[in-house]
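First up is the structure itself, then whatever we jot down about it.
The first chain written gets the first letter, and so on, giving A, B, C, D, E and F; residue counts start at 1 in each chain.
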Amino acid sequence: MSKAKKFMYINRHAPCGTVYAVEGLEVVLIGAAFEQDVCMAFVGDGVFQLKQDQDTADTGMKNFSPAYRALGDYEVNRLYVERESLEERGLTEDDLMPLTWEDEDDDWAEKPSIHIVDRAQLSDLIEEQDILLNF
Amino acid sequence: MLHTVNKSPFESSSLKTCLSLARSGSDVLLIEDGVYGALAGSTHSPLVTEALEAVRVYALEPDLKARGLSGDRLIPGIEVVGYDGFVDLACTNDKIQNWL
Amino acid sequence: MKFSVMVNEGPYTHQASDSAYQFIRAALSAGHEIFRVFFYHDGVNNGTRLTTPPQDDRHIVNRWSELASEHDLDLVVCVAAAQRRGIVDPDEAKRNSKDGDNIAPGFRISGLGQLIEAGIESDRLLVFGD
Amino acid sequence: MSKAKKFMYINRHAPCGTVYAVEGLEVVLIGAAFEQDVCMAFVGDGVFQLKQDQDTADTGMKNFSPAYRALGDYEVNRLYVERESLEERGLTEDDLMPLTWEDEDDDWAEKPSIHIVDRAQLSDLIEEQDILLNF
Amino acid sequence: MKFSVMVNEGPYTHQASDSAYQFIRAALSAGHEIFRVFFYHDGVNNGTRLTTPPQDDRHIVNRWSELASEHDLDLVVCVAAAQRRGIVDPDEAKRNSKDGDNIAPGFRISGLGQLIEAGIESDRLLVFGD
Amino acid sequence: MLHTVNKSPFESSSLKTCLSLARSGSDVLLIEDGVYGALAGSTHSPLVTEALEAVRVYALEPDLKARGLSGDRLIPGIEVVGYDGFVDLACTNDKIQNWL
């Protein structure tokens, strides 16, 4: 196979009202097996996907939010969250699930997966990619 | 009259359209992604806070919980109801406009 | 009180079908009557018996079929919307020369007049959709 | 049958990007047979449904916009268009299809079906209805 | 140039399927290659042979089948998304104990890996959806 | 880089989000209901006019015609292309972001 491509999954939908978030996560987890260069971005209502304490029991819907915690195990450990999107929604980083991954090159140190970036930084990151998929 | 709004005000104009057309004294119920309109401290909160002077605003608790939103994060004056409360609102109001 | 409910989106993709289901359950619990549930637009996709969702998730179609059976609900799939989207019962299959059908138990296919009638005959009509 | 109910069909979607406009029109035309008190409102992007000169040939999609001209024959002759929605979109009444109906109580005089109303008037009209359906 | 296209909405409800079709036709006319068309989310609903749209309208499903036949296109329906929405081929019908299938000619059901592979193997990946 | 926008700016935030993240020199193609963003004299026209200083904006002609929008109603500086032009844009740009 040729050189790895850079895949960015841009999450722009809120988690429960539509299926995009959960079916997007399924793509990311399957895609992780292909040894490409993978990252995720959370923009607009997509930042709500990472909100702590989601509990869908009273809606009868499946709670898939714990699956984000598995991303680190799949070596998906660069989750970029747009600062402006958080601020517009009255959220801070403390509202988000504390997602981490273990760095095997650093004695399995636990490191944060979530990186808060501003709009200009996100714009640069988007420009670096080869493949962009929105969920 | 009962109005329901099921979309996020950050991504869709539904809430804004609803509030511009709902008459004084109406009930407005936020459901599904519409409950994000109940969040305090957002860019859309002033719109809802202002609307509360003319209409009653409710948010559906199961949909709030599903999205990790608890009562202390909501705009003061918004009332939280369950599906039973939704049914009651649909009874006490003689007609319903669902802003889809 | 007599309710009718319109469902405009298919299973899973939007929360509409879940919300309609929960509303109807709550209305039935409170002793209200459900005159009809009308499936329109992509809502007709709630009426296929061919779905197999993940085992740890709710089975939206079966849930409708079971609720219909328990409470004798009238679940009506709009024929025009269903033809565009491939939901067919044995009659429709015959009429349109299809080699099979996919309608789920408890659903029936009928015309848009059933929606208007639901509006006329019910005390309240609620709509869930995108 | 009991007294006629007041049905208002509120059109809020643009005509071609989604099926809501065309499937909404199908409801209105079928519903016209039930001898209820029917009107339509066009709000937000719904005003684009009435735009003149729609030509879908190059998209391969069906052009259903001529069907609006049939509404008058079905005695659907009160089409309320929100003035503010037109203005926000840079449109005027001249951009809309000239829809008419023939008044049998007035020697079949041809009368306009489209009525431009402001937001406050539309709000009052909505309040008068029994059944509200959005397309 | 080698293109792949992802279609995320079903027929008629959104323009996505029409836009994807027109784009692919234009790309083929210009001499480009279509590596794969991948149907995800409600896009899987493009792959049912049970639709019967009005006679004066385009037949979206048949149009895909015909284009696939003419140009040997690879039309892949995501299995996970299809299971949630009731699109099945004979194999899936057997595996999930369904009494029939509804897949349209020219479509095949496969996994999400086919999408990732399309991204890797194609020069460009375009997405059409809601 | 090519960005496509397929939603009306009057009902959805897609165009605004796209323009806030598209880098200078990008191509932005309006398709489907996104072509309403090309209309001159609307409340969203200033946003697009301003963006034209940094990015090129295109609108898909078949989608404009389907909606009854002709060239003389568009914001000056927007280029109208057909599906063949869409294909060309997808070739000349090395990557594509579809704002769905």
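In this section, contacts are C-beta pairs under 8 Å (C-beta built on N, C-alpha and C of every residue); 3 or more make two chains touch, one makes a residue touch a chain.
Since the model is a prediction, treat every value here as computed from it, not as a measurement.
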item	value
Those chains which touch subunit D and also touch subunit C	B, E
Interface sides of subunit C and subunit E: same vs different residues, half threshold	same
Chain located farthest away, centre of subunit F as origin (C-alpha)	C
D-E compared against B-D, more contacting pairs	B-D
Centroid-based (C-alpha) most distant chain relative to subunit E	B
Centre-to-centre distance between subunit C and subunit B (centres being mean Cα positions), rounded to whole Å	26
Centroid distance [mean C-alpha coordinates] between subunit F and subunit B, Å	33
Centre distance in Å when subunit B and subunit E are each reduced to the mean of their C-alpha atoms	38
Subunit B: positions in contact with at least two other chains	6, 10-11, 13, 32-33, 62-63, 82, 95-96, 98, 100
Shared interface positions of subunit E, touching two or more other chains	12-13, 15, 22, 41, 54, 80, 84, 125, 127, 129
Contacts with 2+ other chains: residues of subunit A	16-19, 44, 59, 61, 130-131, 134
Chain-to-chain touches, reported pairwise for every pair that qualifies	A-B, A-C, A-E, A-F, B-C, B-D, B-F, C-D, C-E, D-E, D-F, E-F
Interface residues, subunit A side, partner subunit E - complex	1-2, 5, 7, 19-20, 23, 26-27, 30-31, 33-34, 36, 130-131, 133-134
Touching residues on subunit C, where the partner in the complex is subunit D	6, 40-41, 80-81, 84, 111-113, 115-117, 119-120, 125, 127, 129
Of all residues in subunit F, those that touch subunit B in their complex	10-13
Footprint of subunit D on subunit E - complex, ascending	12-15, 18, 21-22, 54, 56-58
In the complex with subunit F, residue positions of subunit A that touch it	10, 12, 43-44, 119, 122-124, 126-127, 129-132, 134
